[in-house]
Amino acid sequence: MAGLELLSDQGYRLDGRKAPELRKVQARMSVFAQADGSAYLEQGNTKALAVVYGPHETRGSRSKSLHDRAVINCQYSMATFSTAERKRRPHGDRKSSEMSLHLKQTFEAAVLTQLYPRSQIDIYVKILQADGGNYSACVNAATLALVDAGIPMRDYVCACTAGFVEETPLADLCHVEESGGGTSLSLALLPRSGNIALLQMDARLHQDHLDTLIEAAMTACKGLSKVLDSVVRQHLKEVSVLTRD
Amino acid sequence: MPFDTKRIRGPEESQSPLLFLSPAKVPESSSREGVRGNGDVRPVFARCGLISQAKGSAYLEAGNTKIICSVYGPKEIERKDETDMKTGRLVCDFRLAPFSCLKRGAWIQGSEERDLSAALLESLQPGVCLHKYPRSQIEVNVMVLENDGSILAHAVTCASMALADGGIEMYDVVLGCALRQNGESCLVDPSYTEECGNWQAGYGENQGCVTLALLPNLNQVSGLTAEGDMREDTLTDAVRTCMDGCNKLYPVYQQALIRAVKKKAPPPEK
Amino acid sequence: MAAVHLSEAEKVYIIHGVRDDLRLDGRGCEDYRHMEIETDVVSNTDGSAKISLGHTDVLVGIKAEIGKPKPLVPNEGYLEFFVDCSANATPEFEGRGGEDLGVELSNTLYKVFNNRLSVDLRSLCISPGEHCWVLYVDVLLLQCDGNLFDAMSIAIKAALFNTRISKVQLSENEEGGKEIELSDDPYDCMRLDVENVPCIVTLCKIGHRHVVDATLQEKACSVASVLISVTHRGTVTCVRKMGKGSLDPESIFEMTEAGKRVGKSLHAPLMRLLQEEESLGQKRQKVGFLG
Amino acid sequence: MAAEMRLPAVHKFISLPTTSQSQDDKQLVVPGEVITSDTGFMRGHGTYMDEDRLTASVAGEVERVNKLICVKPLKTRFNGEVGDVIVGRVTEVQQKRWKVESNSRLDSVLLLSSVNLPGGELRRRSAEDELAMRDYLQEGDLISAEVQSIFSDGALSLHTRSLKYGKLGQGVLVQVSPSLVKRQKTHFHNLLCGASIILGNNGYVWLYPTPDQQDEEAGGYFTSLEPVSLSDREVISRLRNCLLALSAHKVLLYDTSVLYCYESSLSHQIKDILKPEVMEEIVLETRQRLIEHEC
Amino acid sequence: MKLCVPGERLCSTEDCIPGTGTYLRHGCIFASLAGYVLRKNEGEELPVISVVRETEAQLLPDVGAIVTCKVTSINPRFAKVHILYVGSTPLKDRFRGTIRREDVRATEKDKVETYKSFRPGDIVLAKVISLGDVQSNYLLTTAENELGVVVAHSEAGAQMVPISWNEMQCPRTHSKEFRKVARVQPEYLQA
């Protein structure tokens, strides 16, 4: 991929975006009727579908339930046709279980679980099309699904990826930029309070670039939270105008 | 991976010699060379009660197709759910011995065998009085020793014989019969070559296989699978022929079971 | 399917309703629920389709890859089916929960398409014995409210209609091995003839009558059901009796006849809808999940 | 034989000529948004304290009842209060109690001691009762009950000790979001159109043919299994589809709104009510009549 | 003696009453087992027809059956047992049962201590009172005189002799141990 020039000298990326620019985000809440909460989100070409069941009694072994708060149970899976190379199994490989663990940790920080002792909240996310930033698309879709299910949360959880090419931080990487060998940092943020729910980075980066990269990711997340906010308010206005006593 | 010098490794990509065999010609006139008519079932040999540890067992030979079946239970179930409280549960396991077909199979159960187990379960379930065995589970294990065609049909007959031999209460015996449709003529109880023959390559109309499981006394169909490409009227005729095929098997079934009961114990005094 | 518990009284109510040809939602015994179909929903597949039949949502993606033909039939490509019962449909499918249903569904699909006439497999062959196209048909179950087979088969037919396989040239390279080049013009592609692709009709026996397109609740009161896949010419490609109970031969003949009639009448409106969607071309406003 | 297929259309939300007065006073909040920062208010459902700032934890409408502030989300599980009428389904039979699924956070509990035993007389629960529990109520049975108390972890304890509660017989169950069911004095209604309805606070709505003789209440454990007449069945199916239409368009459910929707759906066939465009038309018509009825 | 196979029509309901190994359908009696057809008339005008196989007729412990079981573990609230025999027929497979504290004896139900009634390894006669539910196993009771411990071994290992309804004595060390002893029926007392 060395030949591919991720950042042209005029500062444009491969898909014509500027460095800090986000991809086009489209979303819709309550897509399915049978689930407690559901949402569909497109971030550029990455398409994610999130469904929430619960809070409900913990099925299966009683041992899993906690006496003082709800257990958050996540499953991340990718459709077999989501990537260019067909995947043999949707989930169950190491990467999906790692991603499920990340989602679980992210939402344990945001959801007010102590309100629902001994119960369980299931969050299932499906990637219909993968074009980089899978983790961030999942987190944003799951946030919308949780809001749709009426589950109390401290704040939105917005997630975004950031990369570092030729001394300039890039926001919201697509697949080509992510697999281009450069660093890619994914950050899950609670925008209003500025608390970081999860920070994960792979590949090597010089120590003093780290702050600029995190800064870029934070601003990208704040931008994303505005988009999510507008989607939720639009859904609320659209729906609540109908319910009037 | 250290290279294993001791074992002589064959070529990476080897093909089985069967490929180069000229495909056995399905008799074009599709009438069997006088050995048995199109509508005749192969001669069946059946024996019950030959596995001592099993509750019930049966061995059945139809032509070269050899099947053995054993029944265990009723046993206690570990993982219970509410439906098990009222009725018992039937568990079927269908295995082809690796040496049973031309091409050596694997020991682990393939998806095709799992499909056959499901079909066997669906055929046997209507015949067994499961409500008499609440909270318990009856296991049926079928092993095909040699596959010479219509294994599912004969497995159903063999399994229901083993159940009856095991003293499990049943509404009726379950008999199985298969049929291969080749154009306008149909071959009952097809052998392995007739079963797949050149059907894969054949582009003619009305090519297909039908397998049927029947409760003869209650005249109820408990299992039906059909594949291939057939007109709807051909299909209904095929189902009717299969039912006659099943009824032909009933005397053999009855005689085998009665022999086993007699062998097990003398008639109770009055 | 997802487990639905019903009380005895509700089952009796449903059974009597079917006897009077008036089901819970007012449908007759041979009516389908409201059906919405859309193709080309996922972009990095060669063909895709989404169907929502009542509350049952299925998404089918087809990817064509070059593979080796099967040794027994060297001059034909083949289809591979995979059904993913995702946890989205019900929490029971989480982890390995949905696997055995997925295997059962894909086995049945193999049976339905395991005949020579549905898809012209010989057109998928590139060079006999060496290279051929393999169509990976991946079915994703998103929401489950009964009648999965019918929804899947209609979605597969729509996805096959929508599939575009780019044309391939064969050229000799220096050492005499065959060299495959894909044509670079994205619009120069091969379309599949889906005229003969069968549609599955599942008839559930409730009481003394049979019902088409049964919801999960209706399926809970049915003893046995017959699955029959029918092409537009009315030929039957696969029949399977499913369920715990048994059926008397008369009702089996009745159900296969009804299945053929209903199956045959599914094809015309579906093909009309696909042609109409095709004719809209770019003007068509893509809806997908954003509708 | 009808198999009518369509291309999906984008559902534009039906904006209504709402009276201006009711539009502005509603404050819509999203999770994390600060509602008020003075400490005089009491914290209700759907909010949490963030360093003495009252912030919303769910997205919905702010409701101020003199000192109490709470946020009512649109879709949520059922938060039961004592006295609520609910419809539930028995999921498990355990020692001396039944577990009941009631669309709430935890499965509700119906103790053997809080039901009327057949014969109605009050007596100590004997060992036979314990063993014969499955004869009274078994898995899958539907019951109507009232919330008696709430356990420490939020699970509801139910009772059916009045003749109007108990095991439900033939009929149809419709599940809607609990926040769509309006709280009223009585949730049992015999609608004029010829069917009866139980609007459970937990979003489970039960439609059943009006029992002809009034005294045969649902209190006992006997459920009649003879066939319901076709006319009653048509009324119940039409009502079911109307309920689905109302809940799809988020209209509050109470006896008058259901009746209006039933009347405005008479012009359509029962099975056509579920078509998106027919649903919109019926709900629009119902809302008009509700607005005129109100002012 | 006539032999039959499951599903065979034996007779119609007018001329006999269905016994074990048969079932009723559309007014006719069908055989549900493979075995000998037996017609016994027990007083009423219609003979009882049943199909008898030589082996055990009873395959499962059902409510009301007297079972012989071996105590596997005890705790203050109940004793866990493995059911070995139903009536006189041995069970090939392991069935687990539970005797709750309040089902050990009929008198002073609340003053019962399980370790004074059973010890692991004892052979106990009990009666099945319920099939239990999803979590629990078969519920058994020993609340009758002829139910309770039949065979018990003392700490010294010798087989103890029952001396009263709640005590047994070791022949070798003469030490007494508490058990809920079954008053053994005369006909079981061979030699």
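In order of appearance the chains are A, B, C, D and E, and numbering begins at 1 in each one.
As a convention for this text, a contact is a pair of C-beta atoms (placed from the backbone, for glycine too) under 8 Å apart; a residue touches a chain by one contact, two chains touch by 3 or more.
In UniProt terms the chains read A = Exosome complex component RRP41; B = Exosome complex component MTR3; C = Exosome component 7; D = Exosome complex component RRP4; E = Exosome complex component CSL4.
What you see is a predicted model, and the numbers here were worked out from it, not measured in a lab.
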| item | value |
| --- | --- |
| Number of steps on the shortest touching-chain route linking subunit A and subunit B | 2 |
| Where subunit A and subunit C (Exosome component 7) overlap in contact partners, by chain label | D |
| Centrality ranking, top chain (CA atoms only) | C |
| Separation of mean Cα positions, subunit E and subunit A [Å, integer] | 61 |
| Distance from the mean Cα position of subunit E to that of subunit B, given in whole angstrom | 38 |
| Separation of mean Cα positions, subunit D and subunit C (Exosome component 7) [Å, integer] | 36 |
| Cα-centroid distance, subunit D relative to subunit E, in whole angstrom | 49 |
| Residues within subunit E bordering two or more other chains | 133-134 |
| Two or more partner chains touched - positions in subunit C (Exosome component 7) | 290-291 |
| Residues of subunit A touching at least two other chains | none |
| Interfacial residue positions of subunit C (Exosome component 7) with respect to subunit A in the complex | 42-45, 48, 55, 57, 59, 61-63, 65, 82, 84, 86-91, 94-96, 136, 138, 140, 142-145, 288-291 |
| Partner subunit A, residues of subunit D touching it in the complex | 13-16, 18, 22-23, 26, 28, 30-33, 46, 48, 50, 57-61, 73-77, 105-107, 153-154, 179-180, 182, 249-252 |
| Contact footprint of subunit D on subunit C (Exosome component 7) as seen in their complex | 5-10, 12-13, 16-17, 19-20, 22-28, 30-38, 52, 261-262, 265-266, 269-270, 273, 276-277, 284-285, 287, 290-291 |
| Residue numbers on subunit B that touch subunit E, as the complex places them | 55, 72-76, 80-82, 85, 127, 129, 132-136, 164-165, 167, 169-173, 215-218, 253-254, 257-258, 260-262, 264-268 |
| Residues of subunit E that touch subunit B when the two form their complex | 1, 3, 5-9, 21, 23, 25, 30, 32-36, 38, 52-56, 59-60, 92-96, 131-134, 137 |
